[in-house]
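I'd like to ask some things about the structure below.
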C-alpha cells in the first residue's frame, strides 16, 4: 500500500514538474535563457544519468561518453536532414551518400541503437580492462571515433569535419513546447533507466560495483553484465547526443572532445555517484550556473560610478570552476550521495519494503 | 623514401622526448597516489605562459630558472590545496578534484590571457635552425632527446640512490606501511609533485620552442598523450614512460608521413588499447594479482 | 564409511604456482555427497588458494578439478610457466584440453562459497545482499526485468531471500546495512547469500573466525542443520579445532601447500605429522 | 563550515539580473573574442564599436533610441556559439552582427532563425551561412569567389602546383580550400591537399611535403594562430615561393610572423586603408584617431593602428543594421528582417545590396602582401573573377 502511495506521489511530482517547465516556456517565451537552461539541462541530465549508470551504479570508470554522444548525434542528423537540403549541407560531397530521410522519432531510436552497437563492439575488448586502464581505453576510443567521423574518406556520410545542420531541431518539432518535448523524451529515458536500476539486473550492477569478486562468486557473469551496462548506457548517451544535436541546431564532431566527458563526469560526481536524482539536479544547476546565472560576470558592470573590478570575458568560467572546486573539496559525496530524492525522509534501505517472508 | 621520412622521424623523436618529460610527472604521481593527475597538462601550459610573460620583461637567462620555480610552486600548491585534503577520500574523489583543477586552471588562463594565442619567445641556443641531410629543423629538435635522456637518467639515479628516492619507492609499493615506518608521506608526495612540475616546465620550454603559440588549452592534448605514454610504458616506471613517449611521438609522426594526418591522434590511442589488451599493465608495468 | 557415497568434488594433482612461489603442491582430495569435510592447516598452508582454484578465482597451474565427475578446471603449465614450473606431474595433463570456466559459471553449476575476509556488498542491506544472489537462477532478461514483466519471479526472489535470512537468524536485521552488522552476523549473512545461489556444494572459509566458543558451538549446529535442510555437501576451512572435530566427517591437512595427512577426525588427531606441523617441532 | 559555504553558494546563484531602460535598442554582437579566431573577432568588434560611437542613437517612430551593443563571445567554437547566440536572444536584441568565422555563424544561425531575429554576417565567407539560414544576410564576398580569386592570383604569380593546407574541422578553411582547389585545377594547376588537426604545433613536416612535392605556391586558409606557425616554419625551411591565404590572414599576427623573414605572404581581403574613396578615407582617419585615443582598444587591434578589413566591414555592418532599423521604422526583429532585403548602403567597403540569398553583391577582392621589411601590409592589386 505504502509503496503504491509513494509511486503515485512521485508521478504527481513529476507531472507538476513537467507542468511548471511547460509554464516557464509559455510565460518566458522559447527564446528566454530560462528555457534554454531547461532544454540543455534536461539533455545533460539524460547524459549524466547514462554515465552514472556506468560509473556510479556498475562501478565501471568509463570516459567514453562523448564518443557515444557523437555517434548518436551524427546518426540522428545524417538520417533526418531533409532531402532538399542535402545538396547544400554536403556541399563538398555532392549531396552525400545517404539519399533518404526518416522521421525524428525513428531517428532518435536509431541514434541510441547505433551508439549501442558501437559500445557492444568496443566493449568486447576494453571491458576486460580494470579501473583506470578502462578509463583511458574508453577515452581513447572516444577520440578514435571522433577522428573517424572527421575523416574526409567518409565525408559523404558524415560531412567530414564540416558542420551538419537543417535537421529537425527541438524548436521545429514541437514549436512553443520545446521544453515539454525535451522533458518527455528525457523523462521517459530516465524512467527506463530507473526501472532497470531497481530491477534484479540493477542489483547485479551494484553488486559488481561493490565487490567484483564476490559478485562473480554469486554467479553474476561479470563480462555479460558489464557489457550490458555499457551498451545500455551508450544507448541512452546516443539518444542524449541526438537531443543535444536537436538542441544546438548544428553539429560538428569537433565539439565532442574529452573535455565534454569531463564536464559530464563532474556533473555526475557533483550530483552524487549512484544517485539518479542527484545527476538530474546537478545537470540543471551546472547548466544554469554556467550558462545563465553567472553570465553577468563576463561583462563590465558599473554600480553607480564604481567599476566593478575583475569582470571581463572569461571571469564567469573562473568563478564557476572555483565553485566546482569548493563542491568537490567540501561536499565529497555530492548533492545526494548515493541516495535518491524520494528516499531522503526514509531510513537507508527501507525502500526495499520488507515483505512478509 | 628516407628523405621524406627523415623530417617526420626527427619531429617524432623530438616530440617524443617532450612527451617523456611530461609523462614523468604522470607516472610518478600515479605510482604514489594512484591518481591520474588530469591537471598536469595544464601545469605544462601554465609553464608556457610563465615564460611568455617573464621573457617580456626579463632576460631569458633569468626567466628560465624563474619559470621552473613558478611551475614547481604551482604544482606544489595544486597538490596541497586540491589533493592533500582528499588523502583519505575514495580515489574517484581525488580524480574528480584533478579534473576540477584542470578546468579551473584552463579557465583561469583563459581569463588572464584574454583567450588569445601568445607568441612564445625564442630561447637562445634552441630556436636556431640546423640542416640535417635533406631536412631543416630547429636545434631544439636535436637537443631534446639528449636532454630528455640526461634528465631521465638523473631522475632514475635520484630514485634509486637517494634517501628521498627510497622513500618514494617505499610509498609507491605500500602507502600505509611506509607511513607506519615513519616516512613523511606528505613531504614525499610534495617532492613527487615538485619533480613532476619541474620536468613539465623543462618539457614546456622545449615544446613551445618548436610550437610557438601558447593557448590556454594547448596542454590538453600533449598532456593526454603523455599520460597515454606513461600507461603504455607501464605506469609507475620512469624508463617505461620515456620509451612509451618516444614510441608514441615517432609513430604519430610516421602516421602523418603516411598521409593519415586525421588519424595521428587516434592512432596513439589505438596503439595504447592494443598494448593494454595484450599487456594489461603496459610494456614495463608490474603484474598485479588481486588478493581474495 | 564414505566409500559408497557418490563423489561430489575431486581434486587431482592440483598445483598452484605464483611466479616462483608454489602455493599448493600436487594436492589431491575428494569430497563425497552429504559429507562435511574440513581443510585444515597452519596459516599460509594454501587452504584458501585451494578454494580459489575450486571456485574459478584462480586457474590452477596444473591438475584437474572435477565436480560430479565433470571437469571444471583442467590445466597444465603453459607459457612462461613451462620453464618456471616447480611442481610435479607437469606432463600428466598435457593431453587434456584446458578447461577453466569463470567463477560465475562454477557457481551456476552448484558450488557456492563464503570468504575468509568477509566480502559482503557494502552499500547494500542484509536483505539486498541475499536478494542479489538469487539473480543467478533468474529466468527474466533485462528487458522483461526493466518492464516489470517478471513480477512473479521478483516476488519469489524476495520471499526466498527473506526466508534465508530467517534461516540464519537475521530476519530482524534485514534492512540494516550489511557492513554495520556485528562480525558474527556478517559471517551468517555470507552463508545466507551463498545459499541463495542454490548450491549443492558449500565452501566455507573460516566460518567461525572471530567467534567465541559458545558462538562456535552454535555455528557447528547451524552448519549441520543447513547441510541437512538444503541437502548440501560442505567443504570448510577452519581453525577452531573443536568445531572441526565435532562436525567433520573427514579432514585434510595441508602444510606448505602439501597434503600431509587425511582421514577421520580421530585419525588426524593421532597423526604425529599433523601434531608436529601444528606445534612446530624443531629440527634435530 | 559546510553550511556557510552552502549558503554562500546559494547567495551567488541568486544574484539578480539587472533592470533595463526602455529607450534602448539592442544590437547583438556575436563575435569570438577568445579562441583561434579571437584576434580577428576583436578587430571586427572594434569596427562595430567605432560605428556605434559615431552613430549612438537611432530614431524609430519619431522617438530617439539609444543603441546598445550586447557582445557575446562565441569562443570560435561551434558548440559555444549556440549558447552565446542564445544568450543574445535572451537579451532580446533586435538584430545580430557577426561572426568572424563561418562555423560559428552557421551554428548560431539556427538560433537566430528560430527566434526570428535577423543577423548580418560581417566577414563569414562560407556560402552555407546564408544559404541554409533564412535570417542571415552578409556584407562580404563568398568563399567560391575568394577561392577563385586566389587561384587566379596564384596562376598569375606563375604557380603550377599548389599545396593546400587546412585545419580539420574548420568550416571556413576547409571550404575555402576546396573552392581554391577546384578553381586552380580548372586553370590547369596541380594540387596537393593536406589537413592538420586542431592544436597542431609542428608544421615542419607539412612544409617539407610542400617543398618535396615540388609545389610552387602554398594556399593555407586557417586561423592566425596556425598561420604564424606555418609562416615561421616556411621561413626556417627557406621556402621562397609565395604563401597565399584568405581574409583571416590580414592580421598583425601575420605581420609579426613574417617580419624580417624571407617569405612572400599574400592574402585576399575586403578592404584597403589606402582606398581612395572619400568615405573610406574618412573612416580610416577617424578610426585611427579613435584607436589611438585608447590604449586598450589599440591592444585589441593587435597593438597598432593598422585598419583591418574586418574592422571596416564591422563598421559597415553596424550602419547597414541601423539603415535596416530605420527602413523598418521599428525595433521589432521581424520588421527589420522584412526590411533588410531591400536595404542598400554605400559603405566604406563598397556598395552593399543583397541578392536573393541574402549575400552582398561584391565582386572585388583586395590582395595584400605582408611586407617583411616594413612589417605592414602592402596593397598589391584588386582582383575579381571576370577573366
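Letters A, B, C and D mark the chains as written, and numbering starts fresh at 1 in each.
Following the convention adopted for this analysis, a contact is a pair of C-beta atoms (placed from the backbone, for glycine too) under 8 Å apart; a residue touches a chain by one contact, two chains touch by 3 or more.
Every value quoted in this text rests on a predicted model; they were computed, and no experiment measured them.
Ranked by how close its mean Cα position lies to the mean of all protein Cα atoms, the top chain is A.
Ranked by separation of Cα centres from chain D, the top chain is C. Interface comparison, A-C versus B-D: the pair with the greater number of contacting C-beta pairs is A-C.
Per-chain CA centroids place chain B at a distance of 47 Å from chain C.
Between chain C and chain D, the centres computed from C-alpha atoms are 73 Å apart. Averaging Cα coordinates per chain places chain A and chain C 43 Å apart.
If you average the CA atoms of chain B and of chain D, the two centres end up 36 Å from each other. Among all residues of chain B, those that touch two or more other chains are 110, 114-115, 217, 220, 262, 265, 292. Residue positions 33-34, 73, 168, 195 of chain D each touch two or more of the other chains. Residue positions of chain A touching 2 or more other chains: 150, 152, 213, 313-314.
Across the complex, chain C is touched by residues 192, 195-196, 199-201, 203-204, 206-207, 209-211, 213-223, 228, 232, 274, 338, 347-350, 352, 354-357 of chain A. Against chain B, the residues of chain A that register as touching in their complex are 55, 61, 125-126, 128-130, 132-133, 135-137, 139-141, 143-144, 146-148, 150-152, 213, 258-259, 262-263, 265-266, 269, 273, 312-315, 317-318, 320-322, 324-325, 328-329, 332. Residues 33-36, 38-39, 42, 73, 75, 168, 194-197, 199, 201-202, 204-205, 208-209, 212, 224-226, 228-229, 232, 236-238, 253, 256 of chain D are the ones that touch chain B when the two sit in their complex. Contacts from chain D toward chain A in the complex involve residues 1-2, 5-6, 9, 12-13, 15, 17-18, 33-34, 71, 73, 77-79, 82-83, 86-87, 89-90, 92, 103, 106-107, 109-111, 114-115, 127-128, 131-132, 168-171, 174-175, 178, 195, 198. Listing the residues of chain C that touch chain A in their complex gives 55-57, 102-105, 107-108, 112-113, 115, 119-125, 127-128, 131-136, 138, 140, 142, 145-148, 150, 154-155, 157-159, 162-163, 165-166, 171, 174-177, 193-194, 196-197.
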